[in-house]
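You will see two complexes here that share chain A, one where it goes with chain B and one where it goes with chain C.
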Partner chain A sequence: MTDRNRTGNRRLAWSALLVLMTIASAAKAELLIRITEGADSAIPVAVVPFAETGNLPADNNVSRIVRDDLTMSGEFRTLAPEKMLSLPSRREDVYFRDWKILGQRYVLVGELKKNADRVVARYELFDVNRQERILGETASASVNSVRSLAHHISDKVYEAITGVKGAFSTRLAYVTLETVNGKSRYRLQVSDVDGQRASIRLESGEPILSPAWSPDGKKLAYVSFETGKPVIFVHELATGKRTKVADYPGLNSAPAWSPDGRYLLMTLSRDGNAEIYRKDLQTGDLRRVTNHWAIDTEAMYDNTGDGLFFTSDRSGGPQIYRMDSLGAEPRRITFGSRYNARPRPGPDGRYVYYVHQRDGAFHIARTDLKSGQETILTRTGSDESPSLSPNGRMLIYATKQDGKGVLTVISVDGGAAFSLPASEGEVREPAWGPITQ
Partner chain B sequence: MRQTERTQDAGVQPPWASPVAMSVVLHLVIVVIAVVGWSWMDDTPEAPPRSISARLIAPQPEPSPVVSETDQPDQDRERQAEEARKQAAEEEQRNQEKAREIAAEKARKAEAEQKAREQQKQREQEQQRQQEQARKAEEAKAKAKAEEAAKQKAEAEAKAKAAAEAAKKREEAARKQAELEKQKREEAARKAAEAKKAQEAAERKRQEQERKLREQQLQALAEKARAAEQAEAERQRQAAAAKAQEARMLSESEKYQGLIRERLSRAWYPPSSATEEMTARLRISLLPTGELASVELVSSSGNSAFDNSALSAVRSLERYPVPDDRQTFDRYFRQFTIEFNPRRLK
Partner chain C sequence: MMNLSSYTKAFALMLSVGLVAGCSTTGENTDDGMGGGSDVQAIDQNGGSTVYGGDSQGGVSATEMTDEEKQAAAEKAKQAALRDVTTFYFDFDTSEIKPEAREVLVAHARYLADHPNQNVRLEGHSDERGTKEYNLALGERRANAVKQFLIVNGASRGQIETVSYGEEKPAVMGSNESAWAQNRRVELIYK
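And now, the complex of A and B:
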């Protein structure tokens, strides 16, 4: 009774207080300003040239590589070193006011030292407005791998600012075509994400298509016509060892790995019509996944690893379909135009990216799987073969520049495009590799 | 001895009267008597049978009477008379002997008779004694029996007495117990009555308190209602009075809110990890010049990159656009909250 009274009194007191507070706040009506839109431009970052001690390789400018990486992401806008008021390499030399005047949000400073056959980098990232250090680390790499060290720093800076893992230390696979004296040379190449350190893994006079990285980044699956017909190979990058995994009558194409690396989805026409199959790489078992009179192809596992996306012309033209699990009833995803193909699901499961044709031009587009809203991401016109970075933030695709095939990287938010330096001839069929440690 | 002495003194007398002869004769007589008397003496009566049954015994011959020698005269004084008397004595002795024999016979007979009588008497006595014994035994038996009975009776009585006493004790105990229980019951009843009384009193008190409390609450409610009414009236009056001023200030404030929103939107770079679900709230304090006095993250988005982007945006403005009117500034912009939520991601 007494307790209840006390509780009641306390409640009454609280209610009174609440009423008072409400009245007070009503009287004061504290202002609330809602910010629902951010800047459309990229984040301004100053990457100050690193101080160097010791005889470092001249052609491997770490701060420049970091600057290029951040720029390529489309999410950052870097300040040219000649515009900097000072070139600090330590915190005590950083004058935040200067960087604020220059409109910079973040400043990266650091120094490089040669230690025996290794290069050691000590670097710090500061938030100019908050005047706080948000990253500080020492990292090292062999003298021959200064680029790897630079990409590592880019990854760390990217993650510290955006909260998303960086993908600058990953690799790309793509196919180049060079025609010399009427003879075509197809080359399967692997490079850094900025196109540097490219190496040829396979060369053939016949087409090479659809390279696909294994989840551990150690193997590539691709289609090669070297035998005169399309055959799917699995190629170990470290050893160069190649294994024929699909050489069935008819079409053998569009290989795609399961997230656990055990299965390979592929398109086969062994039964007369192009259908999607799943091959168990351990047992060699083959399971037919689709069964339709139309063409079903270009399958990719979704982010869960249970379902898949694929292209089918069962509705008349090529459209993207989704199967929630192997053998489930497919659902059509794209409706925006008569041509939508080559689906590439994003790692967060929210979007699916694909080639979209409109008014005779091919673009890269994406559909929000939650809302069904479609967004066209590129404007160039002959865009094809999209491939997502493993963090889902960048997308590389093949396009034409001055009539020549090149690779372009964009931010999935539709930011600035960055074209990879074109080698001789055409570049096509890019495939972005996984993040590996 | 005496006979030997006599014989020596009679050497001149006839042979037959000589003391030797006399002694021999006397001795012979004595021997005979002795033999006869011995055999008589030997004939002792049979011990009466122990049994109480009597047995008739044939009468025994009377024994010869025993010659008493107590009256023999003194040797010296009677030596002359002795001679004379010897004749007579011998005659006398013969006669006496004859008489003695008769007497002995008689005595024997009498003795026998006496004996028979005595035996009879003894038997009778014995019988009597036995009877007496039997009687006594009977009596003893009876007495023992009586004693036994008495004893049993006594024991029974003792037992009965003990039982009675025990019963009495039990009764006493039971009585006491009953008394005690009664007392207890009475005590309990008394206590219960008291408790009930106390409870009733408490209940009355509680009811009284509740009643008072209700009254107080009702009064408080009434007062509260009155106060609320007054407050409402006051508020309405104030609102009406302040409306014009408020409208003026609000329009002014809205103008500067829009300016701040625009500046912050340009200054904010939502990180690529941002989602539409993320919201960060910051409390801002400004100086009347529009300079940032302080900023505090009051509600995190859960994503540190997002929170930092918001903080960075707020701190990036050198000077916030604020109204010159001090009242409007104090009212809206001295302290306010900014919410960052990317409802529309780029």
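And now, the complex of A and C:
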């Protein structure tokens, strides 16, 4: 029995600013995290500040990053260090009774050491009720990658408690838009999931849309208007090398990778109107997947990798359809309102998430594919571009705050939300990257 | 709403053409000079000679010729004025051309038919609501609807290029019905 089942009750709880704007200039850390909602039912965890020995880098605040990661998942409530009765760093100093008095379920302790050019973390996680160690590890990273080390610890702690793989070491891709003197600057950026270590991968005066991570996390496919029309590129992140993979007459849009990374689903209108195609990236072969006078677009492979979900307005307005295999007869999935689009299947195959219009507002909703039951997950009103974390526990989407585009992350069970507004301009089109270790 | 101002402009242009024609005849037809209250009257009332070639041709036939020419010129001006309208609006999630856009589009189609070397670019747009990729397809469908209309009315396929920007290039900023209505559009651009 895992504790993640405890989440559920939604309540507007608290509003706080986690100031995570550290890292220096070049990183252009453009996203600020703002927790907008906390979950009442979150699991209480104490992350004790790690003991430090040796000459550690200035931004080594590993325990703080772990605390922030766990909080933003919406599944945990972390204890502020000033409320702790002691600051142990190893088992013999952990007094379970003290942590119990403080209402804590788990305690994480550890220490950091510098070893040549690496930072070494030794840490242990304890179950307070059982007075047992449930996790212990020594991990290290280069002095320049202390944040990676911290996210790794967050992943381990998350998995030890919930039984689900953590997604804190993954990355986000997104597009920012800044307009200065009437000139638009679109920037495709990649950052950690907390918005830190952002780097610009492409800058253009014309729109950039629909970034999609390759399954190995090494490439991004996206739509760029840099040539005056929508064209699909594949961009190797390590080298910056870009390849045009679709530049046919008309639309070239909505790229989505196959689970093995060999194929790209895409929307093309080369044969008259928007249809879904599959391109073999090795051979260049193009296979047409849909054939209908309606708009067919926003295709995404399902979790089996055989079938796909897509948006079609063949019934009169956009709705979600599913094909069990490429070219099979599409089945309509959504019926709850006149506008349902951009399907994003969850990794366990149980749910499909999408943009849903109700009473004139656009929300993110999901349908349980077994029961057909539909649940609306967001309460903001201009929501689009949902993207799931690879463990299926969190969902990031684009919305508007005071007329400006921001990204919001929610727990899929409705536990909590935090937003990632761009410090300048707008941010949109989030894509959550895969787990790659 | 946007169409209105463009139509007003077109109307004003037509009116001014009519008044020019009217003024040129006032010497001979003083009584009627002030009668040109509308463009229709201004065009119809002129039985006499006009600046459009009255001097070069004498006699009754000359009057008839100038009349025709005048009508042609007025028609040409009217067509040009119609072509001043280059943005066409749509309802939410539709690509149906509105009735009020038809006359203007016919004028563009005729012009393209008369000028085979002239090309146009049709840029399709949507409002910000809904998903970006669906809107991209919707913008294209709108541009294609306009393209088809132009072809049916005489333009040739090769003269027309389409592109969709979806919701990426709004004409007006804002998240309200008025902004949305102005952003759901196809822009026709002569190249």
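The rule is simple: the second predicted complex is superposed on the first by the 395 of 437 C-alpha atoms of A that agree within 3 Å, B and C clash if a C-alpha of one lies under 4 Å from a C-alpha of the other, contacts with A are read in each partner's own complex, and residues count from 1 in each chain.
Everything that follows uses one rule, which is that a contact is a pair of C-beta atoms (placed from the backbone, for glycine too) under 8 Å apart; a residue touches a chain by one contact, two chains touch by 3 or more.
Keep in mind that this is a model prediction, so the values were computed, not measured.
When the two complexes are overlaid on their common chain A, residue A:Ala80 makes contact with neither chain B nor chain C. When both complexes are overlaid on chain A, the residue A:Thr311 reaches chain C alone and has no touch with chain B.
Legend: residue contacts after superposition of the two complexes on their common chain; A:Ala254 is shown touching chain C, with no touch to chain B.
Once the two complexes are overlaid on the shared chain, A:Lys229 sits against chain C while remaining clear of chain B.
Within the superposed three-chain model, A:Glu298 lies in touch with chain C and out of touch with chain B [touch as defined at top].
With both structures placed on the common chain, the touch criterion links A:Arg342 to chain C but leaves chain B unconnected. In the superposition on chain A, A:Leu209 makes contact with chain C only, not with chain B. Once chain A of one complex is fitted onto chain A of the other, the partner contacts of A:Ile134 are limited to chain B, with no touch recorded for chain C.
Of the two partner chains, chain B is the only one touched by A:Asp413; chain C is not. On chain A, the surface touched by chain B in one complex and the surface touched by chain C in the other have no residue in common. Within the complex formed with chain A, the chain B residues making contact are 206, 213, 253, 257, 260-261, 264-274, 303-306, 308-316, 331-333, 335-346.
Across the complex, chain A meets chain B through its residues 1, 5, 28-40, 42-43, 75, 100, 105, 127-130, 134, 160-164, 393, 411, 413-415. Remark: chain A residues 207, 209-210, 225, 228-230, 250-251, 253-254, 267, 269, 273-274, 295, 297-298, 311, 313, 317-318, 339, 341-342, 355, 357, 362, 382, 384-385, 400, 403, 429 touch chain C in the complex. On the chain C side of its complex with chain A, the touching residues are 93, 128-134, 136-138, 140-141, 144, 162-166, 168-169, 174-175.
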